[in-house]
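Labels for the chains are A, B, C, D, E and F, by order of writing; each one numbers its residues from 1.
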Amino acid sequence: MKKIEAIVRPHKLDEVKEALNSMGVYGMTVTQVFGCGKQRGLTGVYRGQEYSINLLPKIKVEIVVKDGLEDGVIKAISNVSRTGEIGDGKIFISTIDDAVRIRTGERGNEAL
Amino acid sequence: MDSFSISELARGIDTIWVLLCAALVFFMEGGFAFLEAGFIRAKNSLNIVMKVFTDCSLGMLAYWAIGFAIMFGLDRAGLFGTSGFFLDGGMDHVQLRIPLYAYYIFQAAFAMAVASIVSGAVAERMKFTTYMIFTVLVTGIIYPVSGHWVWGADGWLAKMGMLDFAGSAAVHAVGGWCSLAAVIVLGPRMGKYSEDGSINVMPAHNMHLAFLGTFILWFGWFGFNPGSSLSGLDMNIARIALTTNLAAAAGGTSGALFTMIRWGKPDPSMAINGALAGLAAITAGCAYVSPVSAVIIGLIAGVLVVLAVGFFDKIKADDPVGAIAVHGVNGTWGALAVGIFAEKGGLLYGGGLKMLGIQALGVFSVSIWAFATTFIVFVILKKTMGVRVTPEEEAEGLDINEHGIPAYTELTAPPIYGSGHGHDSPAGALSHIGNMKI
Amino acid sequence: MDSFSISELARGIDTIWVLLCAALVFFMEGGFAFLEAGFIRAKNSLNIVMKVFTDCSLGMLAYWAIGFAIMFGLDRAGLFGTSGFFLDGGMDHVQLRIPLYAYYIFQAAFAMAVASIVSGAVAERMKFTTYMIFTVLVTGIIYPVSGHWVWGADGWLAKMGMLDFAGSAAVHAVGGWCSLAAVIVLGPRMGKYSEDGSINVMPAHNMHLAFLGTFILWFGWFGFNPGSSLSGLDMNIARIALTTNLAAAAGGTSGALFTMIRWGKPDPSMAINGALAGLAAITAGCAYVSPVSAVIIGLIAGVLVVLAVGFFDKIKADDPVGAIAVHGVNGTWGALAVGIFAEKGGLLYGGGLKMLGIQALGVFSVSIWAFATTFIVFVILKKTMGVRVTPEEEAEGLDINEHGIPAYTELTAPPIYGSGHGHDSPAGALSHIGNMKI
Amino acid sequence: MDSFSISELARGIDTIWVLLCAALVFFMEGGFAFLEAGFIRAKNSLNIVMKVFTDCSLGMLAYWAIGFAIMFGLDRAGLFGTSGFFLDGGMDHVQLRIPLYAYYIFQAAFAMAVASIVSGAVAERMKFTTYMIFTVLVTGIIYPVSGHWVWGADGWLAKMGMLDFAGSAAVHAVGGWCSLAAVIVLGPRMGKYSEDGSINVMPAHNMHLAFLGTFILWFGWFGFNPGSSLSGLDMNIARIALTTNLAAAAGGTSGALFTMIRWGKPDPSMAINGALAGLAAITAGCAYVSPVSAVIIGLIAGVLVVLAVGFFDKIKADDPVGAIAVHGVNGTWGALAVGIFAEKGGLLYGGGLKMLGIQALGVFSVSIWAFATTFIVFVILKKTMGVRVTPEEEAEGLDINEHGIPAYTELTAPPIYGSGHGHDSPAGALSHIGNMKI
Amino acid sequence: MKKIEAIVRPHKLDEVKEALNSMGVYGMTVTQVFGCGKQRGLTGVYRGQEYSINLLPKIKVEIVVKDGLEDGVIKAISNVSRTGEIGDGKIFISTIDDAVRIRTGERGNEAL
Amino acid sequence: MKKIEAIVRPHKLDEVKEALNSMGVYGMTVTQVFGCGKQRGLTGVYRGQEYSINLLPKIKVEIVVKDGLEDGVIKAISNVSRTGEIGDGKIFISTIDDAVRIRTGERGNEAL
């Protein structure tokens, strides 16, 4: 099994979700995170002092799929999340050893 | 039905007026609490509300026990009152149409306000127990003494003819300069100033709370200034209400516009401070100046407060809510402004420098008193029980350490703001915002 | 310009006084709403505000249709009124200087307050539709009947000479003991008490909301008590305002200090309850006692409320906001305190036990009535439409289930608090806090 | 002590009444601010509070400089006033018992309210600088002109006998129809309507803020309507306070019940809008109708507002807070209701259609004026400085872009709500909620 | 070392924690997340418009344990988290290469 | 590629970020989490009842780097995060199979 962790712009969440649903992927876990990368943040002025918001709000979407499905998921997420501007986000892929569905106790691919 | 004499009716009119205005001024405590809580970080925001609440509870008792007597009791040498402790007699020399008890309630709300001004400046680091002691001292002694000078029967400044209608000097300057002394002894919040001298931003955690406080304060000022007439039959109350509101509006406008011109965006926190600065500044002169003068006083206040916030930050007098800039600087400005704009005796109305001189002497005297006594009190408290929480408590937050519970137990509070070293952000960074997509 | 008679002027003074005080008492509904919402968990906090809002809307209509008539209509056997439904005539026996409509508005705000007291106690588990029925019953019948006894023309307690100026018994004790009955029938919130008998903490989700409610309530009490004079020409209003504020200040102070002595830290939620307890307690006697007595009454109230919160938790009467302790216990204390401290007839003023006996009988009678009728109503409602949401709805939160939307849709609410079994924490744990770094 | 004449006493009574009511109406600005901020998304919620604050500050100055003169100055052809700019003389024709300055303060709060109504409708997308210009125009010219027609000395509608006691037409309908024009020119928020025509839900980010605004507004209406008598000696103020409250209660009740019947759950946002709709609707007739009529007017308003919200959403007039439905539709309904329910001259009281016709003409005229001028102003502003922020700024939020700081800097705001295409949820989904455990 | 990531219902957090403690596992990291899977969300009506809350609040508990302990942890979490209704959650197991205790610099199993 | 997950005290975030930046690492993702471990929480009293805050606020910083860089990152984070008191936090290292830069579609080390 593979875990796909995609870090995307917050307002892209709906589109990501719909893209995944439309390819039959329903299970996912979403976390609010803050990120920096090439995109260095923005500068504000508050009470006369400049300050930088250098950690920008992002959304992390985690999807665990059975081996082989990861490329489709990556493509789907990339397509809807791309604006071409810095800050579009990253996707990381890693290996999951096992999965459990708590409700039934099923394990492995059955549990997804 | 009963029948009433004219003077009973007059008494009734004045009494309901003063009691309702007292309610408004009391409500300002909620205004202070939320303004200050909103302006600081979440982890200390319950502590500050508790401090303001202590002003209302313990502070009201202290003003009842001793403060009111020192302020309005029988005069000793123009310096302080000596009778009327616990409101138990000794106030026959006070000639009022309203009952003494109504007068007390109205005045008590002013005493609490002074303490609450200071609570904002010392936010995020002052020990709660020490603050309790200070509240008793400021409502019981520090404010009443200088208050006696200005408003007491035979107070020395009152006798010289100082005009301070509702307390730009007696309340706001006193509160503001007490704050400066307190802040100097306390020192800045951990992390506010970097070792390289740069100033770090600690943004308001909840601007809605801060605006709630502001609307309550402005609302309460309808009682603070007009109510200080102590009579609903004094038709000057209409002018007072007008000048008060125009100065607030002007201060709010100039605070917003000045930050917009200077830094590209109207800063809501400065619009707030601007309106409050306008209010603090018009408080002395509201009964004596024309509407146009009120607008000018307010416009100046709104700019002054922005400059003053920057100045006190530069000298590392860390005041998280701008209390010194709003109340100290603009209370002072307001007291002086009477000498310039008063229709009777002001510089611009041909009165020469005499009134301005008296006003300057007056506000200078009460400010020195406020600063010096607070400084001494804080130094003694520092040496004895300590004025500041430990660095660990400060890092974790005062709420959990001093009260065992944070303000928000379910709404999370992540540190999304970097330390914001102003100096390492390229000046042009602002212009990029338009291109960014989050 | 028109010319007026003395009595027209008197009428005008009284009418504006009562209307403005009615506005203040109405605003207390906002106070109840936010006090209660802040004290409970976020997921149920919109539901409770909607309940208080229902008191204002549906409850005001019920009091207009029937409650006011039952309370102030023509007396039947000292037990209830029988005329004046829908404010449509039948009130000629009420001798007032102010217009009847003004009297209604002022009184309506009191009826809503009783309902809103109960709403806090039943928070986080009572069904909204059932609550609507209850609001109609409490504002339309339960409160008006006992209110008639105390304040109605020829009410039996009124005729015996019971003194309950603004309603420590008629409003607060009634609301508080209604709450106890409701809580007993409803049962505690899921998870509040563990099987092993230990009490789990469910901390206030937003203390700023709770303090906002408190400041509004205190502010509103400037109308609640002084406005009950129904006349701005009664110079006792100054005393009433004074005793009300001193008792609140004393209750807030003793609530904070008592928790500080007992558990090491001043508990903000108890400082709040203390001030409100002081207010509930002084409400009966505000017009009859001296300022010093008011302070004593308030100091006792602030301690009583802390003890009572602990007591009701121990007997598993789960009251998330302390309504029973504040209004039930201290409304009762306040009614009795009149018999002790009243300058005319009180025990300490040589009046012997007679007045105290009448006060005790009075507050006992209205409390029994409130408790018993609410108990019966709740049992019937439980058997018919049900009083409680399902366990699933309770786990998910009432807001999303009963209204389709939570209070906060964007601010996250994670469960950072463990179940807090008080018993398995070593007693000395508190002393470690100073060393911790988060 | 001084002695007073009867007319001085009368003047005093009226003046304190109007000043205290003005304070209440001023406080409504806080109500608008928090109602609107609560109803929209967090990322734009500071911006809207700043806009309302601008109404109070810049708007108050504009009304002082020109608005008041255009509204109440010496009449030109029944269309507008021409004297009294900067409150500097020229108002001798206004025959009042209260001082002119008190009259100004009371009226200024109404002018700000009109601007603040519009601020809600244009929320989440209108540029701040453009809004500043619009505030000046609406408080300085648009509202004052039609206000002159209705309330000015010799205004053409006033002369025809139009009755609009406290401004269902002059204030609410004007504000509401200005809003519609503004919204049409601005266009809907990004993402509000999908390409397939479906409507996406953007839920209120903080319902407690919205309820806070509501309680403040209702409280303020105790000043808005009764204060419009301009006299505390007019005993009709008791009726006005009564009808105002009953209509609010009825609107809140029917708004809640209607949504409960229609969609299964009482919608708190509609209960709020219902109560405000009742208030907007009774504002014209509060002095002229019976309590029963007030209840009927309110009940209708509470249903009307729910229908109107749906209607304007359907025609894609995106109004995040329901300003058009509350103020436009129900202000209009209230003005017409006078023609139906007025005890003197109303249709139901045998007055025939004459009064109804005048009312219809009146509210129609001021609404057209409001709509047309706002439309033109917005088109011009759009072509010149632009009325809308860039799409990037809208996506990121106006707070950070227009003010450099968000409302909440520590409380996180994740997007837990999906885009909510109403159409793809099976109709029966609601019935599953009972089974769910989160 | 293994990382166990359990996604459970929010109100089960306390029980999960106690179950882990009672088997001697104290170290864990908890995150508030939103999830969807078989459980498709609920529908509300706001201002007359239906909307779906399709991401439901969940709690993610992450526990790193030394190899071999994972099955006990999985069983403990499953037991207390199971209600039998859709939405009970998932557990994912993956491999951790190394761990560091910042306070002491210890690495590997010592660091847990 | 390696993923470094560091769980540190909230007030150390700025220093961690600066330490990483000064070694040329800019990409990172930050999450607010709650943790317990050796540090058992603190006890408060609310309305007369003791309660324990046993999940303390922590910050999780995730950094994906190319193989070989992990030790530098670990050292940098450890140095600034160490106070010597219980609760300093943990660092977990795991393997990432692949990475994607959404903006450009680059994969692997290029994407970091």
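Worth pointing out:
Throughout what follows, a residue touches a chain if its C-beta (ideal position, glycine included) is under 8 Å from a C-beta of that chain, and two chains touch if they have at least 3 such contacts.
As the structure is a prediction and not an experimental result, all values here were calculated from the model.
The chains that touch both subunit B and subunit D are A, C.
Between subunit A and subunit D, the least number of touching-chain steps is 1. A repeat of the A-B interface exists among C-E, A-D or C-F; more than half of the contact pairs are identical by residue number at C-F.
Interface note: subunit A and subunit E, two copies of one sequence, contact each other through mostly non-matching residue numbers (shared numbers fall below half of all numbers used). Two chain pairs, C-F and C-E, are compared here, and C-F has more C-beta pairs in contact (counted per touch definition above). Annotation: 50 Å between the Cα-based centres of subunit D and subunit F. Measuring from the averaged C-alpha position of subunit C to that of subunit D gives a distance of 32 Å. Chain centres here are Cα averages; for subunit B and subunit F they lie 43 Å apart. Centre-to-centre, using mean CA coordinates, subunit E is 18 Å away from subunit F. Residues of subunit C in contact with at least two other chains: 6, 9, 13, 16, 20, 203-204, 206, 212, 263, 265, 267, 269, 395, 400, 404-405, 408, 411-418, 433, 435-438.
For subunit E, residues touching at least two other chains, in rising order: 10-11, 17, 30-32, 34, 42, 44-46, 53-55, 57, 83, 85, 87, 94-95. Taken together, the chains touch in the following pairs: A-B, A-D, A-E, A-F, B-C, B-D, B-F, C-D, C-E, C-F, D-E, E-F. Taken together, the subunit E residues at the contact with subunit A in this complex read 2, 6-8, 31-38, 40, 54-55, 58, 60, 74, 77-78, 81-95. Against subunit B, in their complex, subunit C makes its touches with residues 6-7, 9-10, 13, 16-17, 20, 24, 41-42, 97, 203-208, 211-212, 214-216, 218-219, 222-223, 226, 231-233, 235, 237-239, 241-242, 245-246, 248-253, 256, 263, 265-269, 271-272, 275, 291-292, 295, 408, 411-417, 433-438.
Considering their complex, residues 3, 17, 26-31, 64, 94-103, 105, 111 of subunit E touch subunit F. The part of subunit E that touches subunit D in the complex is made up of residues 9-11, 34, 39, 41-57, 83, 85, 87. Partner subunit B is touched in their complex by these residues of subunit F: 10-11, 13-14, 17, 30, 32, 42, 44-46, 53, 59.
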